[in-house]
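Just so it is clear, A, B and C label the chains in written order, and each chain counts residues from 1 on its own.
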Amino acid sequence: MNKVRPHPSQNERLLFEQSSSGKRAYQLPELDVPAVDAAEALGAANVRAEIEGFPEVSEVEALRHFTRLSTWNYAIDHGMYPLGSCTMKYNPRINELVARTEALAWAHPYQPEALSQGAMKVMAHLEAALAEITGMDAVTLQPAAGAHGELTGILLIRAFLEERGNPRKKILIPDSAHGTNPATAAIAGYAVENIPSSAMGVLDVGALVRIVDQDVAALMVTNPNTLGVFEENITQAAEILHRKGAMLYMDGANMNALMGIARPGDFGVDVMHLNLHKTFSTPHGGGGPGAGPVAVKKALEPFLPVPRLKRTGKKWAWDYNRKRSIGRVKAYYGNFGVLVRALAYILAHGGSGLRNATMDAVLNAVYIRKALEAYYDLPYTQPNMHEVVFSDERQAKLGVRTGDIGKRLIDYGFHPYTVSFPLIVHGALMIEPTETESKDEIDQFIEAMISIAKEVETDPQLVKTAPHATRIGRVDEVAAARKPVLRWKPA
Amino acid sequence: MRYLPKSDSDRLEMLNACGVSSPEELFAHLPEAVRLGRQFDLAPGISEYEIVQYFRDRAAENGNGYASFLGAGAYHHYRPVLVDEVVSRGEFLTSYTPYQAELSQGTLTSIFEFQTMICQLTGMDVANASMYDGATAMAEAAMMAARATDRGRVLVARTVHPEYRQVLLTYARNQAMPVEELGYDAKTGMLDLDDLESKIDDLTAAVIVQTPNFFGIADRVKEAARIAHARGALLVVVFTEAVSLGILEPPADADIVAGELQSFAISPSYGGPYAGIIAIRDKYIRQMPGRLVGQTVDSRGNRAFCLTLATREQHIRREKATSNICSNEALIALMATVFMTVYGKQGLRELAVQNLAKAQYLAGRVKPRFSGPFFNEFVVKVEDQPVDELNRSLLKNKIIGGLSLDRFYPELAGSVLLCATEMSTRADMDEVANAIVSAAAAKEVTA
Amino acid sequence: MYPENFRYTKEHEWVLAEGDLGTLGLTDHAQQELGDIVYVDLPKPGARVKQGDSLGSIESVKAVSDFYSPVSGEVIEINHVLAEKPETLNTDPHGAAWLVKIRLTAPGELQGLMSAAEYESHIGAEK
């Protein structure tokens, strides 16, 4: 195990535990206007008592606090995240720099349009690029995350069908789908009908033909699917749906496998979302922000969220006059700062660069599959693309599950892969290296996985009680859920 | 390409190991009909310098160096330098959602602190780890109230941010959730309580009010709570200007607070990314959307933090989840956490009072239209010149004036919403006041 | 291990009938499958159910399962112990961790349920 070695790691209390009255980390300038008495200005009943329990620390303590905390995290900057379906690729630092360009970062969403042409151009440029990449006709950048984009997309379908007299009742979702898909369908007011995958783990076209009827509004599909396998029958599926007046929604989470190779618009997709924080490198930041642009075919364009970017001559403007729009899904225009980063990413790559990225992403995943096939069970044997899914079947016989193996991987210096998803694989190990990993890093990952497979046979307890090398051991999630403590309180 | 860490010999070795001689072979199994078969119609990749130049060119096409009197849900506050220092650390910036607690104690600890501070600020029991923005937080709060009361109707004040109300409608339309508007008093600019009394019934799940409201006025939360609770409806209180909580009485009578944290060191950034929050009373915890961090112990007895109550969420509950939210605004919430730490208990109050002082100064020189008590925004009826003309003249002096209200409130055409923060200078405020008053004064003289 | 005087369902619920009062719970097999229980969501007293209706749900850290009523009737009482100590369902599923008491409206339904012996072979076959 030569990827990691122990090193003293600072402990750190909570802010409230080191707070002390009179400490301060700020200084406000002197007022250049007369001071006011808050009670006089607002009315005494409107003035609060002090914020009880709010911390008071110095600037040094504040910086040390967050710095120490940060050292307890793993991050892409440390090493690979083999998380399937997350596309944890390198977050380019130039993107951070340009997102902080003052005139863009400081722009108020309601400032005059004449003073916002630069920002609007950025968005228009990104819309056009994403349309080209996906093979679709129009793009909205308003949704703030993938799930938000999914909701937007399904609402677009609803509006389209409603205009035709019948919004229909249900959305078909494969049993291999990400949890946001059925959750989204429910919020959009549709019933969810599960469509089981075939024995090969892909779309069962025969089942689809039987199930699609006048009550079905759409099928939500991920392509390649959550097994990392390309849905070869996707065009056929699209035809089946269209013949019955239903639509095809694509979850674009796995777009990293397709760029420059195949475009969803070309294989029958009517509407899809993209995850800019996956395929387009914007940072995960510990859970967000993301952005979930939605790309549509012409027929759905009139329903896109309002406002839309419109150009008259050389001037860009926001068009609010969109009578058939589904309305707004977010205040203002979208996660602009995230959009800047995604555009910078696209500019850096260019068309052929994006294609090369996809090719390396797939090469890395297939390389890992070949190396680990002998050690982990491969439930589906078709060619995989940017990710590969093993099952823990072999190890489970010795009492060790995918979650344990993932935890042991931590001792080797890696973040675990995606554990227990998709649900159609028993005890799944879902691995997606992305294109920004070197052969070195990947070889070390492979070595670690092989070493663990051997440990399962010789010393399963070691794996079952992992991780051993971290600051903290496995946490008691049961206690956390039974008696939730969701905030600090003074003793 | 500088982000692809492979040499040609690496690639060759790996292709061999895969049993293929070219990368294209890895895609050979794709049906011919779906292949793109051409290059993307996109410009070739450019250098770092050229990327900087591209965005510099865009910046030049955007206004810069203007003083601004715009508020209306997005506020110009000073961003302490520590904020970007902390969030730029790779361990925060490039880390994943903290599902694996052993590798994420940094993120989890800071979220636990964030949840705590939001509760302390708002006077509520539990806060989540963030929503997309204030608008979607409000929509989710309405859906929460519907689930908790098993009722469908929502009443929302007209003085709630217009775009927030638009987002609510988009969500409500598909939830069999009728939404009705509550009026405001034309004198005070505050919620019309009579209108609320007349419209509320036993089917009302939630009454939604904003404070300070869109007109900047501290609204009638206590009275709205009384009326709502008497009919078994929940009170949802919304805020868009988080700094106001430094001095304003928190909405302790609320059942759910939905708010926007952009004021806490989040760049206005042409509308996003921002961070919404939802904070609630304990009893609604199982209906709460979004991620929650809880305190626990690890196998060695150390205090540790982890994501908890995940059975509410989409990855487990799927179509029965409390929300479809997955990615949130974690890094943005961290900005807010650092901001709250830098200012702290005294600083946040001092900052809020400075905002109050600036707005009072400006308001003293023009005449607020409404009599209600305001924080750092207020409405002014602009006499004797169209608002557009007033704002055009201000632009010549590199000042962006307030929001012309005819955009959202036709009944208030000819009025403007002015916002003054700790960053507004006396000189600029004098300019604005003079521009507003001069035309009227000229008229008065001749009258 | 499985009480003789209980009747069982395929979905691993049990019911003990005393006159027209039925006490319901989950079997030991069910709690093993679910793992450490963190929360039990029970119906309100007064709720009327038909055989097979969902009565509520059981949560572990990473999963949620609905549980179904083996009989038709009216919910009379729910077990408040489980709100404080959901772990009781793991330690005493056939006793202290009963879920719901129901006034039976169709006692004949009990005939169609499994005996202890039938249930034991059912779970044996499932393995």
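By our rule, a residue touches a chain if its C-beta (ideal position, glycine included) is under 8 Å from a C-beta of that chain, and two chains touch if they have at least 3 such contacts.
Note that the structure is a prediction, hence the values are computed from the model and not measured.
A.B. asks: Starting from the Cα centroid of chain B, hunt down the chain whose centroid lies farthest away.
C.D. replies: Result for the farthest chain: C.
A.B. asks: So, comparing each chain's Cα centre against the centre of all protein Cα atoms, which one is closest?
C.D. replies: Per-chain C-alpha centroids ranked by distance to the global centroid put A first.
A.B. asks: Quick check: how many Å separate the C-alpha centres of chain A and chain C?
C.D. replies: 39
A.B. asks: When the centre of a chain is set as the mean of its C-alpha atoms, what distance in Å lies between chain B and chain C?
C.D. replies: One centre to the other, that is 45 Å.
A.B. asks: When the C-alpha atoms of chain A and chain B are each averaged to a single point, how far apart are the two points in Å?
C.D. replies: 20
A.B. asks: Among the residues of chain A, which are close enough to touch at least two other chains?
C.D. replies: 477, 481
A.B. asks: Which residues of chain C are in contact with two or more other chains?
C.D. replies: 38-39, 59-62
A.B. asks: For chain B, which residues are shared contacts with two or more other chains?
C.D. replies: Where chain B meets two or more other chains at a single residue, that happens at 310-311, 316-317, 320.
A.B. asks: Which residues of chain C touch chain A in their complex?
C.D. replies: Those in contact with chain A are residues 36, 38-39, 59-62, 86-87.
A.B. asks: Where on chain A does chain C make contact in their complex?
C.D. replies: 420, 477-478, 481-482
A.B. asks: Using the touch definition up top, name the residues of chain B that touch chain C in the complex.
C.D. replies: 286, 310-311, 316-317, 320
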